[in-house]
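The same subunit A turns up in both complexes below, where it pairs with subunit B and then with subunit C.
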Partner chain A sequence: MDTNELKRKLEIKGAGSSLKQSLAIDVGSLAHTAQFLRDEPNWQMDDLENISAFEMKGDILLTYFLKSSSTGKTMVLRATVTPKTETSEVDAVSVSHLWAIAIPLEQEISELFGVRFQGGKTRPHQVLPEGWRGFPLRKSYVFPIEFASIKHQRHEHE
Partner chain B sequence: MSLREYLATDFTNWSLGPYHPALPGPMMLRLQLDGEIIVSGETEAGFLHRGLEKALERHSWQSSLTYADRLDPESAIFGELAVCLAAEEIAGIDVPRRAQNIRVILSELTRISSHLGFLARMAKAVGSTPMFHYVLRDRERVLDLFELLTGARFSINFLRLGGVSADVTEGFIERVIDVCELIRIRLKEYNDLFSFNHAFLKRSSWIGVLSSERARALGVTGPNARAAGLSLDVRKSAPYSGYELIDFEIPVGRGEGGTIGDAHDRFVLRLREITQSLEILKQSVDSIPAGQFQSVKISREFTIAPGEAYSRVESPRGTLGCHLVSDGGTRPARVQFKTPSTGHMLTIPELVIGTRVEDISVILLSLDISLAEFDR
Partner chain C sequence: MSGNFFSSTLSKAIEWARAGSLWYVSVGSGCCGDEVMETVGCRYDLERFGCVPQVNPEQADLLIVSGITSYKAAPHLRALYDAMLSPKYVLAVGACASCGGAFSPESSYSVVAGVDKIIPVDVYVPGCPPRPEAIMNGLITLQEKIRGYQRTQTEA
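Moving on, here comes the complex of A and B:
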C-alpha cells in the first residue's frame, strides 16, 4: 500500500475524529503504515502503547495500540499472519526501529506465539527457559509432561 | 611508556544476579566496567515467568480475576481492575457508583502501600535502617485496612465483574480516615528524617537522570515519567471508576535535591503522590454514595459475548494496559497485559552508563521495577 492509498483509506475510515479507530492492514505494509502514522503531522502517533497478539482459528492477529502524545488520540493497527502449520513459525515486520518499546513486546510475541519479527532485535529465549520447545500461547499448544528431566505430570494420591 | 599507558587496564565484565540484593527482583545485569565506572549495561529477565496470561485463558471469568491479582503482588488490585474494566466494557456491565467508589479507595490505598514499600527499599539501598523500619511499620496500618475489608493483606481478590465482592464493613471508613491522618503526619517525619538528609542527597541526587525526551522515547509512564517532567496520568487523561469527579493534582519532577529526573526526584515525587492519594481518599470517603456494591452475580458458566476491549489503569508504577478478547465462551480467549515495568526496564542500560558501581542499587531501586509484572 503506497502513502496516497493509505491516506485515502484513513479518510474513508474517518480515523482521527474519535478515540476508537482501527485499521486492518496487510502485514507487509505494517512498518510503512506505522511510520506514516508516527511522522505525518496530521496524525503524530508518536507513542506505541502496546503490541498484543492472539490466535483465532489458526490466524495470529497482531494488534498495535498507537497514541498521539500531543493530541491524546489513540488508534489501533491490526495485521494478521498465518502459520503454515500449528508448530511452524511465521514472519512479520518489526517496528522496533520506530519505537524502542517494541523490542520487549516483540520479544514476548516471538517466543510465546512463534512470530519472527524481521529487522527486529529479538534474542533467543528471554521469557522461556533455554531449550523450551513450542509456542505456549497458541491455542493448539500441548504442555510438555517433562522438561529438563523434571516431570510435570501430577499423580493422584491413592 | 607513560604512566597513563602503564596503568591502563582492560574493561572488566561483571554479572549481577539473577538473585542479588542490589537488584529489584530476579534478573541478570551484565556490566562492562572501566575501573569502577560502568561503560555499558545489559539486562536479562524471564526468571519469574509464570505463564500468567496462559493461566488466565484456562479459567472461568471469575477465577481469572484471582490470577490477575497475582500480576504484581505489591499492587494486586490493579491487575484485577484492568481485567474488570475491559470485561465490563465488552459485556456492557454497569458498575454501581458505590462500587466504583470502593474501587477508588482500594486503588489509592494500594498506591500508598506500594509507594511506602518503595520508600523502604530506597532506605535500605542507602543503608538507612531507621527509615526502613519506620516506613514498613506505617505500611502495616494500610495492610490492616485491606485485611479489615477483604480478609487478606496482599492478594486481596476483592473485585468482581460489576462491582466488588462485599460492601465496606462497619467502621472501615473511619479507619481509613484515621490512617490517612497518620500517614499525613508521617510524611513530614519522613521528610525531616530522610528526604533532604545530607547523606541521602549525596547518594541519590544527580544520578540515574532520565530526561523527558528519553522517557517518552522509551515508553516510560507513571511516577518515573512524571519525575522526568511529563505530566502523564491515566486518571486524568482517560478517567475510569469515577476519577473524573475527584479533584487532585499530578505532581511532576522539580529537581529539588539535584536535577529533574534523577533518582532523588523519583523518590520525592512518590512522597508527593502519596499526598495526592490522601486527598483522593478524603474526597472518596466523604462522597461514598448509598446503594448496591455489585450489579450482577456471575457463576462459573457465565459467558461474555464475542468482542474485545483495551483498558488502561494508573498503577503505582505507571500505566497498566489490558487487552482482553472474548470468543463468547466461559473463559477469556486472550488476556494480555502491557505493564509499566516494560518501559522502566528499557531505561536501565542508558541510566547506568557513566555511573559508579556503588550507585547501581540506588538507580535500579529508584525506578521501582516489578519483575513479577514484567515477566508475568
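Moving on, here comes the complex of A and C:
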C-alpha cells in the first residue's frame, strides 16, 4: 500500500481531508528539500509556520511546518539529528536563507537544545542570560546549583 | 555638632510620615501583577493609604514585586532596587515572588527561588495569586513595621 492509497483509505475511515503531507528526511538534504518545496510551482511553500524540537531516546527531532499562502497546502518536514554525547552540540542545516522567520526559531532551538544551524544567523545567548552553560531542554540537563551567585535552591540544606 | 545625635520624638514623626506616603514602583512579571493593578484601581484604591505609583525609582520608597523573576531578569531587578534611595522597602506579592512558587526550584531551570535571593524583602504576601485584600494587608503590615508597631498575634 503506497502513501496515497493509505491517505484515501484514512479519509474514507473518517479522517477527512484534514490529513497533511509529512516527510521524514535526512538532515543533510533538508535545505535542498526545503528550497525545492518553496520554489516548486505546484507546492509554493512560501511560509514557514514554526520549527519545533524535542528530544527522544537520544535523538533531537526537528519538525518544520510549512504552508503555501497561494495554494493553501500545508506540509510537515521532519529531520533527526543525533548528538555524539548527551551534552555535546550537534549540527543541522539552517533554512533562514529561505524563510527569514526561521532566524528566531533556530536561535531558540540552538540555545535550548544545543543544535548548531550551519549557515544560519544564530548568535550566542539571546534567550538565555550571558554565561549560561548547558542546554536546558535536553533530557540530560541538570539544574544549576547556582547562577550569577544566586542559589537555585530555596534553602541551604536542600 | 559632633558625636551621635538621636531624637526619638522626631524619628517617630518622620516614620509616621514615611509610612503614610509610600510611593512605589511595581514590577509585574506574572499574573499577580493583575491583582496589584486591581488593588490600585478604583474598587480597592490603594492611594487611600498614601501609596502613589511612580515611574522613577529614585522617587520611590517601595518596590512591589509581583510574579516570577528569571535569572536573566535578576540583575535588572537588582539595578532597579539599587537605584532607589534609602530608606527603601520591598513587598513580595504572591508565591512566585516569595519563593518561586510553582516554577522553582524543582520544576524550572530559569526561575529564581524568590526575590529575596536578589534583594532584601520586608513583607511577603502569600497566595497564588493573592486577592487585593491580602495585598492591602501586606501593605498595612509594612506600614506598621515602619512605624514600629507590633501587631497582636491571633491564636490559631
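Here, the second predicted complex is superposed on the first by the 136 of 158 C-alpha atoms of A that agree within 3 Å, B and C clash if a C-alpha of one lies under 4 Å from a C-alpha of the other, contacts with A are read in each partner's own complex, and residues count from 1 in each chain.
Heads up, the rule we're going with is that contacts are C-beta pairs under 8 Å (C-beta built on N, C-alpha and C of every residue); 3 or more make two chains touch, one makes a residue touch a chain.
Everything numeric in this text was worked out from a predicted model, so none of it was measured.
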{"item": "Clash-or-fit label for the pair subunit B, subunit C on subunit A", "value": "fit"}
{"item": "First (subunit B), second (subunit C), both or neither touched by A:Val90", "value": "neither"}
{"item": "Which superposed partner A:Leu98 touches (first subunit B, second subunit C, both, neither)", "value": "neither"}
{"item": "Which superposed partner A:Gln153 touches (first subunit B, second subunit C, both, neither)", "value": "second"}
{"item": "Touching partner for A:Pro144 - first (subunit B), second (subunit C), both, neither", "value": "second"}
{"item": "Partner chain in contact with A:Glu49 - subunit B first, subunit C second, else both or neither", "value": "first"}
{"item": "Distance of closest approach, subunit C and subunit B, by C-alpha atoms in Å", "value": "5"}
{"item": "Residues of subunit A at both interfaces, subunit B in one complex, subunit C in the other", "value": "128-129, 136"}
{"item": "In the complex with subunit B, residue positions of subunit A that touch it", "value": "46-50, 52-56, 63, 65, 69, 72, 76, 99-101, 103-105, 112, 125-129, 136-137"}
{"item": "Sites on subunit B touched by subunit A in the complex", "value": "44-46, 49, 51, 53-54, 216-219, 237, 310, 312, 319, 321, 323, 325, 327, 333-334, 336, 338, 342-343, 345-346, 375"}
{"item": "For the subunit A and subunit C complex, residues of the former touching the latter", "value": "128-129, 132, 136, 141, 143-144, 147-148, 150-154, 158"}
{"item": "Contacting residues of subunit C [partner subunit A, same complex]", "value": "70-72, 74-75, 99-100, 104-105, 109-110, 112-114, 117-118"}
